[in-house]
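Letters are used for the chains, namely A, B, C and D, taken in the order the chains are written, and counting of residues starts over at 1 for each.
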Amino acid sequence: MSGSIYGTLFRASTWGESHGAGVGVVVDGCPAGLSLSEGDIQKYLDRRKPGQNRFATPRKEDDTVEILSGVFEGRTTGTPISMMVYNTSQRSKDYSEIASYYRPGHADYTYDEKYGFRDYRGGGRSSGRETIGRVAAGAVACKLLQEIGVEIVTYSRKIGGIEISEDRFDKEEILRNPVCMPDAQAAEQVEELLEEKLREHDSVGGVIECRICGLPSGIGEPVFEKLSANLGKAILSIGAVKGFELGDGFAAADSFGSANNDSFYCEEDGRIKKHSNHGGGIYGGISDGSEIVFRAAVKPTPSIAKLQKTVNKSGQNIEISIKGRHDPIIVPRAVVVVESMAALALADMLLLGMSARLDAVVAFFRDRM
Amino acid sequence: MSGSIYGTLFRASTWGESHGAGVGVVVDGCPAGLSLSEGDIQKYLDRRKPGQNRFATPRKEDDTVEILSGVFEGRTTGTPISMMVYNTSQRSKDYSEIASYYRPGHADYTYDEKYGFRDYRGGGRSSGRETIGRVAAGAVACKLLQEIGVEIVTYSRKIGGIEISEDRFDKEEILRNPVCMPDAQAAEQVEELLEEKLREHDSVGGVIECRICGLPSGIGEPVFEKLSANLGKAILSIGAVKGFELGDGFAAADSFGSANNDSFYCEEDGRIKKHSNHGGGIYGGISDGSEIVFRAAVKPTPSIAKLQKTVNKSGQNIEISIKGRHDPIIVPRAVVVVESMAALALADMLLLGMSARLDAVVAFFRDRM
Amino acid sequence: MSGSIYGTLFRASTWGESHGAGVGVVVDGCPAGLSLSEGDIQKYLDRRKPGQNRFATPRKEDDTVEILSGVFEGRTTGTPISMMVYNTSQRSKDYSEIASYYRPGHADYTYDEKYGFRDYRGGGRSSGRETIGRVAAGAVACKLLQEIGVEIVTYSRKIGGIEISEDRFDKEEILRNPVCMPDAQAAEQVEELLEEKLREHDSVGGVIECRICGLPSGIGEPVFEKLSANLGKAILSIGAVKGFELGDGFAAADSFGSANNDSFYCEEDGRIKKHSNHGGGIYGGISDGSEIVFRAAVKPTPSIAKLQKTVNKSGQNIEISIKGRHDPIIVPRAVVVVESMAALALADMLLLGMSARLDAVVAFFRDRM
Amino acid sequence: MSGSIYGTLFRASTWGESHGAGVGVVVDGCPAGLSLSEGDIQKYLDRRKPGQNRFATPRKEDDTVEILSGVFEGRTTGTPISMMVYNTSQRSKDYSEIASYYRPGHADYTYDEKYGFRDYRGGGRSSGRETIGRVAAGAVACKLLQEIGVEIVTYSRKIGGIEISEDRFDKEEILRNPVCMPDAQAAEQVEELLEEKLREHDSVGGVIECRICGLPSGIGEPVFEKLSANLGKAILSIGAVKGFELGDGFAAADSFGSANNDSFYCEEDGRIKKHSNHGGGIYGGISDGSEIVFRAAVKPTPSIAKLQKTVNKSGQNIEISIKGRHDPIIVPRAVVVVESMAALALADMLLLGMSARLDAVVAFFRDRM
């Protein structure tokens, strides 16, 4: 089955492996007339680029995007936008050993089980490089969302157990420190922890948080296509993500109805607001017009230099130490991937939501004729 | 957009509101030749039936299912299986007041925002009765999974902060106590808590855990259609679910690579196993043949008799106390809903996974000709 | 795989066999606020009802539709509309013989090959009764299209080789004669032919034509989701349809570019028109705002009383004469089925077309906020 | 909406315009282990390449394909196969005039109506170059089909009214003459006609026929996903195709039941065969194991040098003569496009058909474990 295509109306079809010719994505269904340049995409790709500081892999990857179709005179034409990044920094020899055994925490074993063999160079399709396609598509989705007035803010909420403080929350700080935290003090503590883990040849995990402002109410569909379910699927499709929660999430499971319900009130101007947002801005799977908040649990980088047990293809129990250029932490580079997947889900659900009401549909076509 | 249809190959199309003629589902894509009777479905529906004990709403609902199509001489024909339950216990007058205001924690407000009006009787389509369609379809999926050798066990892991002990885990206990816990002692404590919350006119939430055995390796698709992502979407599409985690989930975010990686070893007979299962049986989105473990966070019942603030349709700030017949806890009745959604996701992904390898595809058609 | 669900945004999920409990359909994705009653649906179902004249099967089927969900206080709620017709006139014994052999021109053999067995009573799912679900869903789609200003006119263009004359075209005549022709004189000739064929225990085929007015320009998507391709699939999914053509269709294959091109001109008021409509109103798969014209070739009824060769399940070559109540012509009853499928395709493509332009999308959401 | 993605399990996502950087396709869902090289693809692309003879546009286009992903050590990996052809022969200045008016018979007007503007260079996305993506994907599908034993033969059946004779049918002849006819004598007559039409600055249309051998019985799904409906949609999605018919098609509409029914007989060895194949090998939408036959009506090339009426963007009625390099006939180059689309439809339907029977599904997974 085809697993590399996301969405229904706003679609992203990604391709490419770690050590093939390149990686890319075809975005189909983007409305015509959106101003779009390679710079718009590059800005997002640069946020996931490795080699930017001492906690990210020292591989130098330029990851320069080319737009191959779908943009004419600076605007999207409504037809597929093909984008591509050539692979330039592959050193296949680094990975030759991997062919013979299964790395713990990776997809080596399951790919072999599924397909009978695998492109073992750098993890092939299961490599983190696959996310380049997501981010390029997400950049287009973000531009579309901005036109509608939707803003997404994503950051590391917790790394290696060190959590940000709401009191010190500073949005500007996110892009300033190497761990993408909106809290300079927490970021500093995290950096110290990462130094320690680097020395121990180990890795850490963390939690990414995403806040979405300006989303109209009424987005999301009842039952199976809830906005929450689609955001969840989008985020859980990212390689290292092991959990997803909306609003209070797992904490809500320990709460009581009287504490967890978000009660409504009416403002002077007649607008309906809530006293709290435990629900994360989605009720019955449909946005209520307030801020959407969700979190993703990211596991520690599975590639570690520390000695690990595993088996090789001859069925022998062996011990390995994974060499090569690996991040001691995935979280900071995954922040823009989470943002991109959220943007893809939102763009799709927004367009899907346009046909909910007869009066709006009739008005739409009457205005066109 | 159509939000009430689940799946790609194994599809469930659900319909019905709390106070309409009935609720039902059409299952399309079930392989032909599966032995199926109304008794097979009823068994699952009875697990979500209200009125079974003092912690569930005292509404008496028979919820007797009828199979209207797709079964001939006791076996599925490969064509759509239409199943229906008539609504018999609605008391619309109970809900007349609801029409005028928005219940906190419910979808009243968002449905109005999306559609311009709503069927306010008992929550209409956003009512828990909607899950009857899911469970009827899930029962068919479960029968199919059993034929393939897949078994699903689902239970309450935690309610109101009280968690089961792994030491006292007893599968048989799940269907024995009213809170669906595999630990009689924890169940007893929960019952005491629920008595207390009933007196306080409040409600509690909890965590449901699901374990899947016998799933072949190689199920799930790379990138966007990971098994984890599809399980996540299926579970997050259930009304009260606010979080989903696979394996160690959010705890993995606080762990280290050396502790979180599941290392492989080879058994005497050559079979490859893992020393641990922090990953929950899915790597790169693909099953590894071991047990799949996931959890869902369920929020407290939003309908509580306790006084709550809200607004009415005239824009006035009011206080309400929700009367009627409501459960102080959703979790036990949601257990079978979680199991049903997991079954739907697994059935679909299994069938989708049949075309992964050329040799298997060629052998399949050669055997048929 | 699931084959009984049509559409992407406006979806119809049909179910039911000739001799099961009933037949029905779930329509999901219809915009909220559409006025809808059982009478609206019944009007369309009555057009396909048998037993209305001597050329249609004398089976008396009431085919009374019930709406089971999705309509509240006379308007659609935006959630699934479940509709059902109980089977009341089945005489299973009529069909007992069929179980043992394969009727030529029917799906008996292919269903057995696909599924290993079949519900042989009246053709089961492959029976013409399956189209009740299409027509009920099509009636909803037609109501939606009318609100947008789209009108569909469908009729028999040719039966048994006798074709209507454009000069005598009278729309009102379509519902007046038993063969649904817009030409009273041709209808009379056809009636004579049918009398003859009834005497000969034979059957005839014909061509159905459909004209669509008021469809906005810009509907249909490039490449694979052309409006023409979607109309074609919808029509070719009807059991007895063996061909589909748009505009001049197969005649265009014999024409020359200079004759076949539809040249444009500008009216006094600035509106762009065409001198001809050989293309049938669709260019590059997208509607141009003019009339859409297509035709469907319908094969002769395969169930005939005349002696036919076939094989039985014991592998013997036998001769059969199909008894029971069968129409000598499918075409007139198929007219409303063609109209319904066209309506389903158009409704879906219209809603899908709402997100083509950024300016319209932005305006849509700005107006809502 | 996204219109450039075909299929459910075997998917092709095409992109690119006539005068952009290139055109390409991402094939997702191809089973792993299929031997695949650029040469396999090039062979099919060469059949649609222009500049091969005097009836095809003299543009020299190399159309050399590159495989960018999804193939490792000569075999498909089960992950997306990205293929690309760079545009090398664009002369944008040729098309500069087109920006100001609407070419009759083209999609210029409808693209402007849909999207508000268009990439007017060479027709942009609506150009025939779009079919390169289809053919590259179709080549992969054909390789897969060959492994299963399915063979497709496609050819020009009729051009400019000149039809092949069944008596002179010679499969080898198809690739030998410039008009892809399996009848050398008819081909010669067609060549004379084309010379004449070239002199008259006019163009002709024709009919393409496709025969599929070796397809297993049981392929295709009931109701909406009939094999015939999916083949029809695939073929009708090709730009110049105006009609589709299966088996006897429109001729069946003029036939009688007794003549049109394909009666069964049993061979000595017990195999069930038919005395005729008026139905084209598909009953109830499902293949019966015999030859599938369908035809596509292709309109005359709309780009002609002959003077034509049209309007310009200033709303003036003007006369134009389309210059540049255009084919007087589309049919021969469209033959491989029809074959490719048939292959895409068949590959998808074959994979979709694997889950029809419980016994086959159970055996499939039992064999794997």
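Rule of thumb we're sticking to: contacts are C-beta pairs under 8 Å (C-beta built on N, C-alpha and C of every residue); 3 or more make two chains touch, one makes a residue touch a chain.
Since the model is a prediction, treat every value here as computed from it, not as a measurement.
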Joint neighbours (chain B and chain C) are A, D
More Cb-Cb contact pairs, comparing A-B against B-D, go to A-B
Rounded to the nearest Å, the gap separating the Cα centres of chain A and chain D is 38
Whole-Å distance, C-alpha centre of chain A to that of chain B, is 26
Whole-Å distance, C-alpha centre of chain B to that of chain D, is 44
Residues of chain D that touch at least two other chains are 1-5, 8-10, 14, 29, 32-33, 78-79, 114-116, 125, 218, 222, 351-352, 355-357, 359
Given the complex, residues on chain A that touch chain B span 1-6, 8, 14, 102, 104-107, 109-111, 113-116, 125-126, 130, 158, 160-161, 197, 202-207, 217-226, 228-230, 232-234, 236-237, 239, 242-250, 252-266, 270, 272, 274-275, 279-280, 282-289, 297-304, 306, 308-311, 315-317, 352-353, 355-357, 359
Within their complex, chain D touches chain A through residues 1-5, 7-11, 13-17, 20-24, 26, 28-29, 32-33, 66-70, 72, 75, 77-82, 84, 114-119, 124-125, 351
Within the complex, chain B is touched by chain D residues 8-10, 29, 31-34, 76, 78-79, 144, 147-149, 216, 218, 222, 350-352, 354-362, 364-366, 368-369
